[in-house]
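Next come two complexes built around chain A: one with chain B, the other with chain C.
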Partner chain A sequence: MFYGTDLTSRLMLGTAQYPSPRVLRDAIAASGAEVITVSLRREGPEGGAFRDILAASGCRVLPNTAGCHTAREAITTAQMARELFGTRWIKLEVIGHADTLQPDPFGLVEAARTLCADGFEVFPYTTEDLVVADRLVEAGCQVLMPWGAPIGSGQGLRHIDALRAMRAHFPGVALVVDAGIGAPSQAALAMELGYDAVLLNTAVARSLDPVAMARAFGQAVAAGQGAHKAGLMPPRDMGVASTPVFGMAELA
Partner chain B sequence: MRIDLNGAPVETDAPTLAALIEERGHDAASVASALNGAFVPRTRRAATPLSHGARVELLTPMQGG
Partner chain C sequence: MISVLGAGVAGLCCATALVEAGHRVELIDTGAPPVSRLAGGMLAPFCEGDGAPETVVTAGQASVDWWAARVPGVTRRGTLVVAPPRDSAELARFARATRGHVAVDPGTLEPDLAGRFARGLFFEAEAHLDPVAALAALRMALVETGVPVRDGPARGRIVDCTGIGAPLPDLRPVRGEMMELHAPDVALTRPLRLLHPRFACYLVPRGGGRYMLGATMVESGSTAGITARAMMELLSAAYTLHPALAEAEILTTGTGLRPSLPDNLPAIRHDAGRIHVNGMYRHGFLMAPVLATRLARMMTKEMQDAH
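Moving on to the complex of A and B:
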């Protein structure tokens, strides 16, 4: 559950960098995503067309605070987004490092505290750091979104053991791998770990065929979710024959 | 007076934020507003005066990840 909202599709899709508005629209539909992320920016030439796509998609909108480097900027952006989109959901990003786009955990926790107290339902973009995650939960966050790898890098789950530890540490919190996923197999892996959703953008938008890739990601996320529910077998050190020995002919 | 609107210098006689939004031809419901870095709710725009050097941001939904 994401602040009381259940989602059938556990793929959350970003709306930036698509080759055209039409491809964006078709990719959203092909992905099966029920949540799409958007930003707030100064009005551009295609603003009207974009708003039409949002409305027509039927998706729940998760506005972000992308590009903000301080808690204050992020809080103001969140307040503007709440009015514009009529939602309490906010994807909280407070960027701390220019090269890695790593979140600033101090600004993030500060902004999360203010926004949660103000009635926002915060989806914080964070690292796998368990102490920061604890502080975010204390601040009132019911969702945590650790990165898989730096935004837009397509490197997948760089610290898989840390993500596994996070899942184990926060059994009651909705966890979303946000950022860094480059391939459907990586999205499936996040879901197999027991994550509740994945959020991605570049891997779809920058592929050769974003509509087909959006579909592939939707299928991978569903497969990973199904596999986790079904209960994966534990790995073994040695080979164990799967075909029974009973009834085997003597041919030697 | 001279103000700063979305990062560009603008000459305006609009006495309030609401008047500025109307003067610039924006649909009041499809922009969110901030004055000098602080959010100004739609309902408070008409009561928010502008002064020389004010920094106004008018934002709309755009693509994002």
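Moving on to the complex of A and C:
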């Protein structure tokens, strides 16, 4: 559950960098995504025409604070987003490093506290650091969004053991791998780990055929989710024959 | 009489094509400076294949000859695409997304880039022009053939080429920011595109040491001046192309709204008794001749059918 909202598709899509709004619309439809995220910092209130297109997709809009480098900027952007989209949901990004786009955990926790207290339902973009995650939950976040890898890098799940530990540490919190996913197999892997959703943008938007790639990601996320629910077999050290050896007919 | 409304690249190309097809035309110019004056003026159908539908690549190729036959200053020196060493994956991606290119050592084409980039892509069949000069030349040619240019209400058959101001419900603005530099120390002879996952830019030589540096793409209708962020990003990208560009004089900055339809594809539309030629997006100089030619053919047929 994401702040009381249940989602069938566990793929969340970013809306930047698509060749056109029409391709974006078709990609959303092909992926089956029910949540799309959109930035506001640079577009400002004058980005109304594009926002109307997003609203027409029928998806739930998760506005984000991409491009914000301080808690204060992020809080102001979140307030503008609430007004423009009429939603309490906010994907909170406070960027701490210009090159890796790594979140600034200090600004993030500060902004999360203020926004949660102000009635926002915060989806914080964070690292896999458990202490930061604890602080975010304390601040009132019911969803955590650890990165897989730096935004737009396509490196997949860089610290997979840390992501496993996070899943184990927060059994009751909705966890979303956000950023760094480059291939459907990586998205499937995140879901197999028991994550609740995957959020990505570049891997679809900048592919040669965004609609086909969106569909592939939708299928991968569903496959990973289904596999996790069904209970993955544990790896074993030895081969285990799937048919019995004893009692077979002697044909010679 | 056909009234062509708007004197930007779409209006001037349409008026020109209609006159050439034998129609009586007048040009309505409200005096607002067209955003196409701020364009890069790249005639780059193959490079635009990264993102644009195939029709831009195929139909756009005709526009190089169209312009060369009508305005002076169309330079056929191709386009050079480069990427910083750590973003070389971008170059591989761009090569896959486009055609009409060969791999080159950028320094062999542009000696000023020698040693700066190990690899580049050369799109030999592309060209560029100076938008302000090209628009002026088209306009002058129209005036010389006796086309009246006036302000005031349109009459007769109306071809609306007013860009973002046109009454089309699904038209949206995509803001662009650019600047013009004077960098006499840098000698570059063809449009350069720097690929970068976040701070891409292009640099188009205008002659005499002048360069156009562009351009941002922001889903916004803001007509405010260039933002500090856009300027920093464009200039740092330019610095990556050539450090000597840091010594350039910034001659002008400009911002404008690209009129864009949902598929980002220029189109001829019939709406409320008017013909609209709009949605040029970032393809004005590339696609306006294509649409103008199509429009002239369409209107000639319409007139013949009426008789």
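The rule we apply is simple: the second predicted complex is superposed on the first by the 236 of 252 C-alpha atoms of A that agree within 3 Å, B and C clash if a C-alpha of one lies under 4 Å from a C-alpha of the other, contacts with A are read in each partner's own complex, and residues count from 1 in each chain.
Rule of thumb we're sticking to: contacts are C-beta pairs under 8 Å (C-beta built on N, C-alpha and C of every residue); 3 or more make two chains touch, one makes a residue touch a chain.
Please read all numbers here as calculations on a predicted model, not as lab measurements.
With both structures placed on the common chain, the touch criterion links A:I160 to neither chain B nor chain C. In the superposition on chain A, contact is made by A:P19 with chain C only, not with chain B.
Legend: residue contacts after superposition of the two complexes on their common chain; A:L130 is shown touching neither chain B nor chain C. Of the two partner chains, neither chain B nor chain C is touched by A:A227.
By the touch criterion defined above, A:E43 reaches both chain B and chain C. When both complexes are overlaid on chain A, the residue A:L208 reaches chain C alone and has no touch with chain B. When chain B and chain C are set side by side, the one touching more residues of chain A is B. Comparing the two complexes, residues 42-44, 47, 50, 152, 202 of chain A contact chain B in one case and chain C in the other.
Considering their complex, residues 14-18, 24, 37-44, 47, 50-51, 54, 61, 63-64, 66, 72-73, 76-77, 79-81, 83-85, 151-152, 200-202 of chain A touch chain B. The touching residues of chain C, when paired with chain A in their complex, are 51-53, 93, 96-97, 172-173, 175, 197-198, 218-222, 229, 262-265. Those residues of chain A that touch chain C in the shared complex are 19-23, 25, 42-44, 46-50, 53, 152, 202, 206, 208.
Those residues of chain B whose C-beta lies close enough to touch chain A in the complex are 6-7, 26, 30-34, 37-39, 41-42, 57-65.
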